[in-house]
Structures are given as structure tokens and as C-alpha cells.
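Two complexes, one shared chain (chain A), two partners (chain B, chain C).
Let's look at the complex of A and B:
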């Protein structure tokens, strides 16, 4: 019930963020009709790439109340309102964490399941662009993104011409569009990673400080 | 009588030759010199052997340029030439020495971290890559710079072991990696020349209390490493801030974390063993592309040297500005050029040198 209402909310919230070369950030955001996503937020990495660090930077710049833990124990979900999964595989990172990709996906799936028990919102983020797509990253994306309530992807909106480099486009094959459509998940497309700040401000109803 | 005189003459010549050979060898061991012209911002010039005297009079010794800012702050070490064929780092460091002025903190620049490697190019990646490259300065002077090798020269450190065992981890590498400075960190005081170069760098970092260290590298155009910023785990946050700032400025870099198993590499070892935040930047170099028949390491439109130098220096500036943001003014390090760095993009690089 909670998830259905949330999906209605985010379906009404259409966030399209554009970044033009040399220009300041510009975004079109429909006003949030109901309560924004809740805080505090737990930001985690699925795949152990550096993207989670970049998401942390977005949270700092947005003024978000967050906790960052690269690969937390499920207990860290307690007393959090939103879980942000930052997806991106680093083979070296997985090795360092002592897990393989199947183990990583199993851990993240358990994390989401526990988040659901706690009635948390789940956001799936992929913000490192096309260079963080590949067989291993795609395993994570296809497994975890359908479990989310909201998607943030650095990549092309199918209705808008992509003006950044192809390497920066994580949605060149429309993978995220397909998942979003099949599972009725709202999706925000960003052209530059820093555009994610505006998305977070909108989603969490943060008041601008300047 | 004549035969005896001839015999004495032969002995005299032999004696002179025996004296001359060591003298000639000593001349050959003198550290290699480069065309680097310290500018107004350089407040001191030292040698790496100042930090580790056994390196003196060896091919591993190399100039260390100091740019001291008027305002106190942190200390920054900029390394070029760990791999002497990766010339964007060398030229970026050289440009700092020749044209930059520090306003806050101390900037320490070593354009040729492995000065032995700079002697000549063995063609490790591409047999057609050059031995020299030229830039024409604004005054029309043609300046020549060496295009060196990835590793310490064999004549300066031989023979290679069959297997190189990294000290102190015990991890094994191919034998010729014993001459790769970026597999030898943290080095060893009584080790090989390459280990001693590394050891000297660590002595420098410790004695100068370096807060930030950037090691500038290049990879082939097609390598997944190209356009990457590798960050020690303690440096990931600064790196992430820098990555996002750079993207706004039109530079797209991947961020990778230095992993535990990267034994011997600068970003791992300096980050683990010193208090410095350690980074490594990779730009793409056509000279390292295996299939190139006649690699143009200066003007290849896919990756001109001016753009690669811009990438390196813009990343350095983004790292330092975000280090200042996150660590506070007390550790701030700042230097600038008398031109906007973006002027390097697509420009004639030589025009920016003295």
C-alpha cells in the first residue's frame, strides 16, 4: 500500500535535469504534491565502485541528512527513512571486500528486503555514466533497480537529445528506461553527476540555502 | 733500446686508459640533465639525494624544485616521470616549474621522478615511439625534451631477477618490474637503484610533511585506465569532489579507489605509509598505443599533448581546491599560472614554456 502510494507520488513528480556546457544547472520539476522522501538517508555502494563517494558528495552539497557506509551491516538501516543504492561494479573493489558479484547482489537484496520491513523508500542510483556499465555492473543494475521506488541515472532521456559524450551516457541502450517502464518506477535523468544535487533537493524537499 | 722505449710507452698508455675508464664511467653516472628553466615562482632547487645521500652521483638523483607561497599552508608533492615515456606528467610538472607561482603553502615538483628511465626509450609499448620530442616556444626557440622509458635503464640496474619480489609485501612480479618505480614503493635504503629512488621519495614526503601527493601518469588511448583518477581510500572524498568539479569544466574522469592489493604503487604505498592524501592521474598517450605506426606524441588530434597537460593540471587544481575546502585553510595549498589553464586546450603547448 505504502509502495503503491509512493509510486503514484513519484509518477506525478517528473524531474528532468539538463546541464548545458558552461551554463548553470537548470531543471524542470513539477511541485511535489505530497510529503517528500524522508531523512535520514543511508547511502551504500552496490558493486564497490567509487560512485558511492560521489553520491556522498551530492548529499553534502544538497544539505541532506545522511549516513554513508560503503558496505554496511543490515543493522545500520535502523532509524533511517530512505536507502540509496549507488550501483557500479569495481572488480578490484569486490575483491577487496572479499566477495564475488553473486555475493554482492545477495547482500544488497537482503538490504532492500530489510529496508522494506522498515518501510523505507529505496532509490537506485547510477551516476558514473557509461564507463561504469559492463557485464558485472549490468548484473547489479538488472537485479537491484527493479526493487527501487525511484531511479536516478546519468544518461540520456529517450525524449531528449543527448549532448554530452557517449561515454557519459549510462542509458545509451535504454536499459534504465526498460526497467522503469516494466516496474512502473519514476526515473530522473541527469547529464552531469553534479546535477544529482538538484534531484536530491527536489526529492527530499530541501530548502535552498542560496 | 727502441723496443724497450716502445714497451714503456705502451705501459704508460695502458695506465692512462685504466685511470680514464673509471673517470668516464663517473661522468656517465652523473644524473641526466634536462632543459628545465625555473621561473619566478621557484624559491629553491634541491636534489633528491638531499633527502637520501646514497643517491648522490647516481643516475637516480634528480632535481627537486620548491615553490614556497607567501602565505603559510600545507605541502604538496607533484611527481612527473615515474614512467619517463608518460610525458604529459613530465611536461605538466615542467610547466609548473617554469611558469607557476605558489601563493599559499609549499609546492614541491619533481618532473623526472625516475631520472634513469628518462635516458632513452626502449619502445616498451611501441617500437616506433620517439627518443625526443620538440616544442617551439613563443620566441621561436625549438626546445627538445626526452621521451624516456617506463623503467630504470638496464645499464643502471642489472641483471633483472627472474622474479621480482616486492619489498616488504613479498608479492611477486615479472623480473623486469624490479626496474619499474611504480612497483617498488616504499623502496629500500640498501636496495637496488629503483628501490633507493623510492626510498628517497618517502624520506622527502616524511621530512617535508607532505599533505597531498599527485603522481602523474599516462596510458594508451584504448586503455580503460585513460582518463582515470585513482585515489587512496583516505583521499576518495577529496577525489570525488574534484571529479564533480572537473565534469562541470568539461573534463570527464573515472574515479577508482586504490585497493589493498596494489602493492608497490604510489597511491597505495604513500597513502598507507605516510599521512599524505595520495592520488594518481592517467591521461591518454598515443605513444603508448601498440598499433600506431608513427605515433605523434605531441600533436595527435585524438589526444594532443597540450590537452593532456591541461587534464593533468586541471585535475591537480581541482584536488587542491577541494582539499582546501575539506581540510581547512591551515592546510591550504595554492599555485597559479599567469594564464588561464583552459588556454592550453587545443593550443600550441610550446608557447607556454619559457
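Let's look at the complex of A and C:
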């Protein structure tokens, strides 16, 4: 059990409220006073889909101090504070990387293990919506999400009506809720990919860049 | 004479009127009808063609409509900046082909290295889609360009729901364009900086504008007007205004051969209709009907026939405007019998180095055989098959070469330009006889094979074709054999596992679904079997086809690429 859980829970509650209400509300909500997550951040792809590149754009828009590497060597974790695993399987991406799904999961598991040795925080992110759910992506989600300290998912909060398209909902089956509950992991839900900017701003306690 | 504003207004009215017919033609993956049929890689393109048939257009009208529509709904695989080949079989007995392949720019020299880059301005060739489709309509259609382009304009202007296949391709484009930050592509497909979700309405206003210009002014605006100037500018002069001015699509005689009494009408050089015809001619020397699609002897014989036909393609099939291709010899029954005699039922011919090239000149006027050069093709292509109730049939294969082509979008006009230049070979002083070296205004050799089959009574029996690069000839041949020799329905023929045999591959590449005993038997014959592909694997193409039996047309959109068929 990690020492930051209580602070993470406070951060999660405030982030969930503002992220789902939209950007306008975000501007009116007080940011988390304590910085829950540290920088610099390493953003990586697990599954080699375009989700990680979109996460990079989120980081740029949020003004986050980050390093992006699609599939880095473990050594790139050095001197980082937070690891963001952006989950989503692409057969083309995996093929280009010359790995199969089992190899990808094994590499990502090793990455998380090394991050823990370095006392880093781990965020599991899935921001491509229902478009990036399927057997292979789900293998990644079920294997890696339980290892995280925090979850960011583009999908429905079970307590709030989902008003975006069903294809945009990566949590239609409640998979992320189930994982979050079983492993006591804080979770933030976003309706649009762009809402991830506000989540990052709040999690890392930085000023918005737009 | 109408003013430009009046022309624009007429186009707008036509878009509205044609749109009213949209409800008549809902696409599904398998459709039957007696009134006409359109099968393409996207249900909306099939519906566009069916709309035109419902309005009284013929198969050529519908084909042109669907071909323009597919450039909107499948912009990664087909574009105004691409190329294609069309085979037409008319009810009055005329068969023809329209060659609208791209051509190399006029400044290219033998010494230019076309292997790098495969993206950007220096990968491009002068596009042919607009000229080819306009020529087909002018010569063999019954409707105006504005009328048949109305569905495509509507789809671009009003948008359509993003489907899973295009979503995956946009995800790739996002990476190609530095996370969608390309200043031309980004605002079109990633306006908020992110990949749109499946189901989001995708509007392409710039493309709509380009289509409207072509609809009202004809192909001249593309090849001699503002679009030509924009192409020259974005390619930094690699494609020059003069190159575009000079471009023409060409009407050619198709390749016509016979298989088991069926007439096979395919593309002439320099694409793969010759290969398909030669392979079928070779197979006509064997009786496959007692066997089955997965019988190892059947697979072996077909694989060897395809291998021999592909070996002949490299030295003999070139741009017919540059070379006198020995068609008479390549397509003769005697030549096919000679090639068939090389097939050993107990041993596979090793591909590449030892696959014998025939001498078709022995079966025709004297000529000199030429050496082999090899190319690598992109699988990123689209197939359209159309048939009307009068018996006019059209088969089109259209492409950008790679998905998204050169990744160069023409700003303000919303379409990508092809990357066809890499389909030529580099000049090699040790192989002076290579007939596929890039030269000014030459067409690159590729493997597309849109095909029409007539039954022994002379009626259109099948309209077929597929994307899939080097797998195209094999997939087309296997689909034809599955129906004619093995008695499958079109759906079964398309779904049945495919394999690819050609000299460019060291292995016999087999889709998932073949019984292990078949794979083992083929290995025992000496084939190097590569069978680690999925079942219904896109690698083996995406056949969109139509079959006619007892007057009923069945249209099937590709199972491997989520295609659709529609009827009026």
C-alpha cells in the first residue's frame, strides 16, 4: 500500500468533479494544493497505439515537464518522478516494434518494477476510448492497470450519465472501475481526450498553458 | 453559357437531388439483387454507386460515382492524387480498359535514385484518377460529371461517421504527421489535436471544394487549372505544371483469355492482368474439379502456375507506350502448355533464382527476352466492382500506392498525392534490359488486376478484384478457381483461405485456415511454407466482387477490410 494513497484520493475526487464537468468548471475549481505527482514525467506506450502520442500532446498543452519515448529502455526511468503508461494495442505498431503482445506486457511489467525500485509514481492512462478496447488492448489493461497508483480513462463514470458516443466510452463494461475497486486505485474519468489536459494540470499542480 | 456562379448552383442542386435517392440503397456486406450491384471497400461508396443506378445511370456512371466517393470515405487508400485501372465490359459486346496509372515526372533521369525518400514530394508521380474517371464517363457513361460526383461531394461537405477501419488509418496518420501537428493535415483530420472517435462526423471541406471544382469545370481544373498549380507548389516543383498539363488517361484493349470456357477480361500491361491470364491458361491444362480448395495437390498446382506466371511478368511486362510487350506469346495456349509442362506434381520449383522464365517470343514474332528486375509494392489499394441490369460491368482497382501515399496533402484541396515513384526500379548498368526503370512520363509497373469474367453463354458472370500488393494475382486467381472449379458461392470463395505464390517471395505464404495435413504435404513437396498468418487476414487482400447466377446478382464487400455491397 503506498503512502500517497490518501493524497491521491483527494486529488482524484477533485479531478473527477472538474474533469467531467468540462473545462469551464475546471477554471473555477481550486487546484490541489499539494503536488501529488512529481516531474519530470516519462510517457511511454504499452501496445504501441497512437494513444501515447496523444498523451504527449496532452502533456504539451498542460505545460508538463515530460520526456516521451514510445518504447524506452529501462535506463530512461532514471531521474524521473512519474511514469505514465499509455495503454492501447495496435497490431501495426507492435509489428513495427517487432514484438508480440506477450513480449510487450513483459517489457512494460519490467518497466513498472524498475519504476518502483526508483520510488516513482505510476499512472495508467487509456485515452482512446472504446475505439481502443478489444482482446489485445484488454490484455494490456488487465495486466498493467493493477500495477498503477492512478488511472486516467476516457470513459463513463458509473455515477454520471455518459453523453458522448458509445464508441468513445472505454469503460462501458466497467472494467476500469472493477480494477480500481479491487486494487484501491484512484481513478479519473474524462469525456473527451482534451479533458486530459485538466487532469494533468491538477495532478501535477501546474498552471494551465491554455 | 453558364457563369461560374450558375455552375456552382447547378452542382449544389444536383448534390441535393441525388441525395434524395440516398434512402433507396442501404449497403450490407452481402447483397442480392436483379437490378444492379455495387461492391466496394466502403458501404458509403457502394451506396453512392447504387444511387446512380437507381437514377437510371449505367454501370460506368455508377462506377465513376463510387470511385469518386471512395476517395472521400477511404482517403488513405484512394485519392484524387492517385491512380488506377478500369476494365469495362459493355452489354453491346465491347470490352475495353482505361489506363489511368500515374506517370513519372518529365525531369526524371536514369540516374535519379527513387528508393529514398518514399514520402514527400520526391516520391510522387503525376496522378491519373481524375483524368481516368472523366474519360470513362465521357466515353461510356450516360450522365454528367456533376451528376455522378454529387454523392462524393455530399459525403465530403456534410461528412460521414468515422468507421473503425478509417479510425485505425487515421491513428497511423497521426503518427506520420508528428502527432497531427502537420499544418496542412492537422486541421483537416485532427482539428483539436487528437484523433476523432469512431462515430464522429468527419467533414472534409477542402476536398468538397476540390470535387465541386472538378464537377463544374471538368478535369481541366485539375490538370491545367488552380489544382495543378497547387500540386506543383506543394511538391516543390517535383511535379511540374507542364507534367500535369501533359497527362492523359488511355483507352486500351484489355487482355482476354479463356478458362474452362469462361472468358476472362483483364488489364493489359503494365499491370497484372497478363499474370492472371497466364496463370489461368496454365491451370487450364489441369483438371482441378475433382479436388478441393485445401487439397495439397490443388494448392501445389495453382502455386506453381502462379509462380511461373509471375516469373514471366518481370522480364516482359512493361509500359506498353515504351515497350512492345509479347502479349500474343504470353497469352497463347501453346505457351501455357509449355509452361505447364514444367510443373512437377512431386516437387516444387524453388522461387526466384531457379524459377525459369519462359520465352513467349517462340510463340509469336521474333523478339529478345529481357532480364529480371524486382519491385516492392504497397498493399494499400481499393477495389470497386459494378454491374447494371443491362449487363454492363466495370471493375476498378484504384490506389495511392502506400496508405496516405506520399503523406503530402494539397493544401486547400484536401487530397493526398501518391508515392508511386518507388514502384520503378533504379537504373542498374549491369541490367540494361530492365524495362521498369524510371523514365520521363513512364507508367510504373504494379500488380493490380481488376477483372471481369463472362460465362460460356457470354453473359457477365463475375466482377472481381482486390487490393493486396503482391498477393493480388494469387487472390484473384484463387477466387475465380474457387467458384468455377470448386463450385463455391461467392461468399465462400472470398472467405476461403488464400495463399500467395510468386517469385518475389521465398516462401509459399498461406493464410490461416488450411488444414495442418495440407501444410505438411506442401512442405514435403519442397515448398517453404509460411503459415503464421491469421484467418481472414488483410494481408491476402480485400476482395469486393459480384457474381451472377440465374440472373441474380450477389455482391460481396470485403470481409478482410469491412467492405459493403449495395443495390438500387
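As a working rule, the second predicted complex is superposed on the first by the 175 of 210 C-alpha atoms of A that agree within 3 Å, B and C clash if a C-alpha of one lies under 4 Å from a C-alpha of the other, contacts with A are read in each partner's own complex, and residues count from 1 in each chain.
To be clear about the criterion, a contact is a pair of C-beta atoms (placed from the backbone, for glycine too) under 8 Å apart; a residue touches a chain by one contact, two chains touch by 3 or more.
Because the structure is a prediction, the values reported are computed rather than measured.
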| item | value |
| --- | --- |
| Chain A as common anchor, with chain B and chain C clashing or fitting | clash |
| First (chain B), second (chain C), both or neither touched by A:54 | both |
| Which superposed partner A:194 touches (first chain B, second chain C, both, neither) | both |
| Partner chain in contact with A:166 - chain B first, chain C second, else both or neither | second |
| Chain B versus chain C as contact partner of A:174, first or second or both or neither | neither |
| Partner chain(s) touched by A:130 [first = chain B, second = chain C, both, neither] | second |
| Candidates 327-335, 345-353, 417-425 or 453-461 of chain C: the single one with C-alpha clashes against chain B | 417-425 |
| Intersection of the chain A residues that touch chain B with those that touch chain C | 49-50, 53-54, 56-57, 90, 92, 128-129, 131, 165, 167-168, 192-194 |
| Of chain B, residues touching chain A in the complex | 231, 236-237, 239-241, 243-244, 247-248, 250, 252, 254-257, 259-261 |
| Contact footprint of chain B on chain A as seen in their complex | 21, 49-51, 53-54, 56-58, 90, 92-93, 95-96, 128-129, 131-132, 165, 167-168, 192-194 |
| Residue ranges of chain A in contact with chain C within the complex | 49-50, 53-54, 56-57, 61, 90, 92, 128-131, 164-168, 192-194 |
| Chain C to chain A touching residues, read off their complex | 164, 167-168, 171-172, 174-175, 179-180, 192-195, 197-200 |
